[in-house]
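When the chains are written out, they are named A, B, C and D in that same order, and each has its own residue count from 1.
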Amino acid sequence: MKRALKLGIAALLAACGSMPAVEHHFASEADLLEIQAVLKRDLRVRGSATLARLDADAVQQACNLNGNAPPEPLVKTLEAQQMAAINFPAGSLIGDWKRGESIAQSGRGMQWNDGPKDVAGGSCYNCHQLAPQEASYGTLGPSLLGFGKLRGNSAETQKYAYGRIYNSKAYNLCSQMPRLGHSGTLDEQQIKDLVALLLDPDSPVNK
Amino acid sequence: MAEPMKIRATLKGDLADVRVLMVHPMETGQRKDTAGNLAPTHFIQEMSVRLNGKSVIEGQISQAVSRNPVFSFRLKGVKAGDKIEIAWLDNLGERSQADVAIA
Amino acid sequence: MRAPILFLLLISLANGGFAQDVKKEIEKYQQMVADSSPVELFELQGEILWAKRQGPNNASLEQCDLGLGAGVLKGAYAQLPRWFKDADRVMDLEARLLHCMGTLQGRSREEASKRVFGNEDQPSEMEYLSAFVASQSRGAAMAPGQAHAKERAAYALGQKLFFFRAGPWDFSCASCHGEEGKRIRMQELPVLSSPAAARPVVATWPAYRVSNSQFKTMQWRINDCFRQMRMPEPAYTSDLTIAIATYLTVNGKGEPYRGPGTKR
Amino acid sequence: MNLLRRNTIQFAAALAATLLVPLRAFAAWNKEAFQAKTAADALKGLGVGASAESRDIVIEAPQIAENGAVVPVEITSNVPNTKSIAVVIDKNPFPLTAKFDFGEGALPYVKVNVKMGESSFVRVFAEAGGRFHTASKEIKVTIGGCGG
């Protein structure tokens, strides 16, 4: 009876789309090692994309092994580790929203065809709606239109936005969003500029 | 080997739908090629469609027609066995022509 | 140059109904583009190359066995990837063509695969050949091999690779192709693990891409996803790429082939 | 193999073709109209004077083009005795894109893929009985995804 109720709730949640069904594709760590070995065998270094990029990280390991839904204690531990590794700069985290907008537009960075002189972007519009003027936005992530209007721009909110861009996994361990600071894609100033795009009252995101 | 041009004609009653595919870069003069150099302006300017040797359509086009041009036309009073010829001439004086018999 | 895009109308009429209209109009665009595609030119050139004698043996590819016997083209592409006894390996179209360039024409793998991804100024031999061979399966139901143990192993490996998150951005194929109704910018993303979404995809690749006037193969498609996932580059026709192609094609099996397609 | 670039062999073949095929009477390319940088100058070059809006010209084209490199446009003139159709893309650097003269045996119909640098009106002018008829359609140009 209790079990039936639980299943019923799970089905309801799944139907609402708020809780995607957990799918497990890897039975064991040995399984993960096998796939990693295939990647290392069949992928080749090109440009900045070296094989060292395939070294597994504890977060990837936990998410892969548990269908992106690891047990709660593990999630807490790993999220705390990720959070501790964020370098929060002192002072205001709000940079220049105009520069932030062009960083959000750019999909460059970390690809094997990006030259050493190419400045990386955040690929933000690939997945998120931001400024209303840009109608060509993706929907893999939530809409961020009105982000600052909704939340204000207190020091706490700045820190949240900065941290979320720097390392989304510190907030949601198996988030699909890249860890843009942690991975070395964006630097401190670029992330501040993106924070400005999200929080500055003058930013088109908040108009 | 001449560059391929493909003509396809389908007959419905005495109406023929004619589709022609041409191989041409249709360079506007503003595109950088893969080596990073500005590709010189190079595009088809004139084309002509003939039915059994008689001109039925004369076309003039600009560099704003897409690369590897595809055109569709409609001819009337056509019967199986009729011959359709299509020819083009570009701004560098190059030409191509092809023909097809309607099946 | 990628200019930011303004849909002035979209802004002034930002409501669900209009978004639906936008989607419908983009579908109409895609349909019209497909109807007036120059893709046949690539098929034509591929046919010429198929019969062209070249390599140390001065031989054509006409006797290439694509799985249905030497020289049988009709419907052969629809049954790839499949296991080949002579190579004891699961091969996709490009792997098999490379194999035949070696066995029939006497060409080295290195020479034959030196330039497999072309550009708009100079398409590659592999692109032309892929266009021609695939066109010979139009109308045939996609039926990749799944009888042999190695074919089933390729599928299983492809499935795992599809969901395996790795690289500096923690991406797997499923990061983008895992959830219904999502898109990158304006590009709709098929959920390739689902037959309903995989079927039209496998039925239309390889394909001509109008945005850059290039013909693209399935090996290229997989290669470019790895680039965008910020991973190192897959070796051409490696087991990894063929496993992913097998997973994708088996998911889309049953769909009549109607390519080579035309994409935005 | 290079399909899209000329080489000497192909040039020779093209030359041979010109010798074998009877001389084509190409209508001389209207330089003045095609090199005009504004729609108004292009129309002047074509000799298009006053024109009347007409519902008998049907322009079938997408309202939104995912990529300006290829925009399919299908034009049918139902104006009786249409002799020619001209296509003008207002915002292109050279607005005049195509002009087709139809003789007996051809329907006043054409489908062609055009390039559009930006969103623009596409206007069609049909000549019939010494008069010009016109219709237009706005096409918005965008680009697609991240390169996938």
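To be clear about the criterion, contacts are C-beta pairs under 8 Å (C-beta built on N, C-alpha and C of every residue); 3 or more make two chains touch, one makes a residue touch a chain.
Keep in mind it's a predicted model, so treat the numbers as computed, not measured.
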Most centrally placed chain, judged by C-alpha centres: C
Pair with more cross-chain C-beta pairs in contact, given A-C and B-C: A-C
Whole-Å separation of chain centres (CA-atom averages), chain A against chain D: 47
Centre-to-centre distance between chain B and chain A (centres being mean Cα positions), rounded to whole Å: 50
Interchain centroid distance [CA atoms averaged], chain B/chain C, Å: 29
Multi-chain contact sites of chain C, meaning residues that touch two or more partners: 2, 5, 7, 36, 41, 45, 48, 120-122, 183-187, 210, 213, 228
Multi-chain contact sites of chain A, meaning residues that touch two or more partners: 126, 135-136, 138
Chain D residues counted as touching two or more neighbouring chains: 3-5, 69-71, 74, 111, 113, 142-143, 145-147
Partner chain D, residues of chain C touching it in the complex: 2, 5, 7, 9, 22, 25-26, 28-30, 32-33, 35-36, 41-42, 45, 48-49, 120-123, 125, 128, 183-187, 210-213, 224-225, 228, 264
Chain C-touching residues of chain B, taken from the complex the two chains share: 1, 4, 6, 21-23, 25, 33-34, 39, 66-70, 72
In the complex, chain D residues that touch chain B: 3-6, 9-11, 13-14, 17-18, 21, 24-30, 34, 69-71, 74, 89, 92-94, 96-107, 109-116
Residue ranges of chain A in contact with chain C within the complex: 20, 23, 25-26, 31-32, 34-36, 38-39, 41-46, 49-51, 53-54, 56-57, 59-60, 63-64, 105, 110-113, 125-127, 132-140, 169, 176, 178-179, 183-185
Interface residues, chain B side, partner chain D - complex: 1-4, 15, 23-26, 28, 30, 45-46, 48-49, 51, 54-78, 87, 89, 94-97
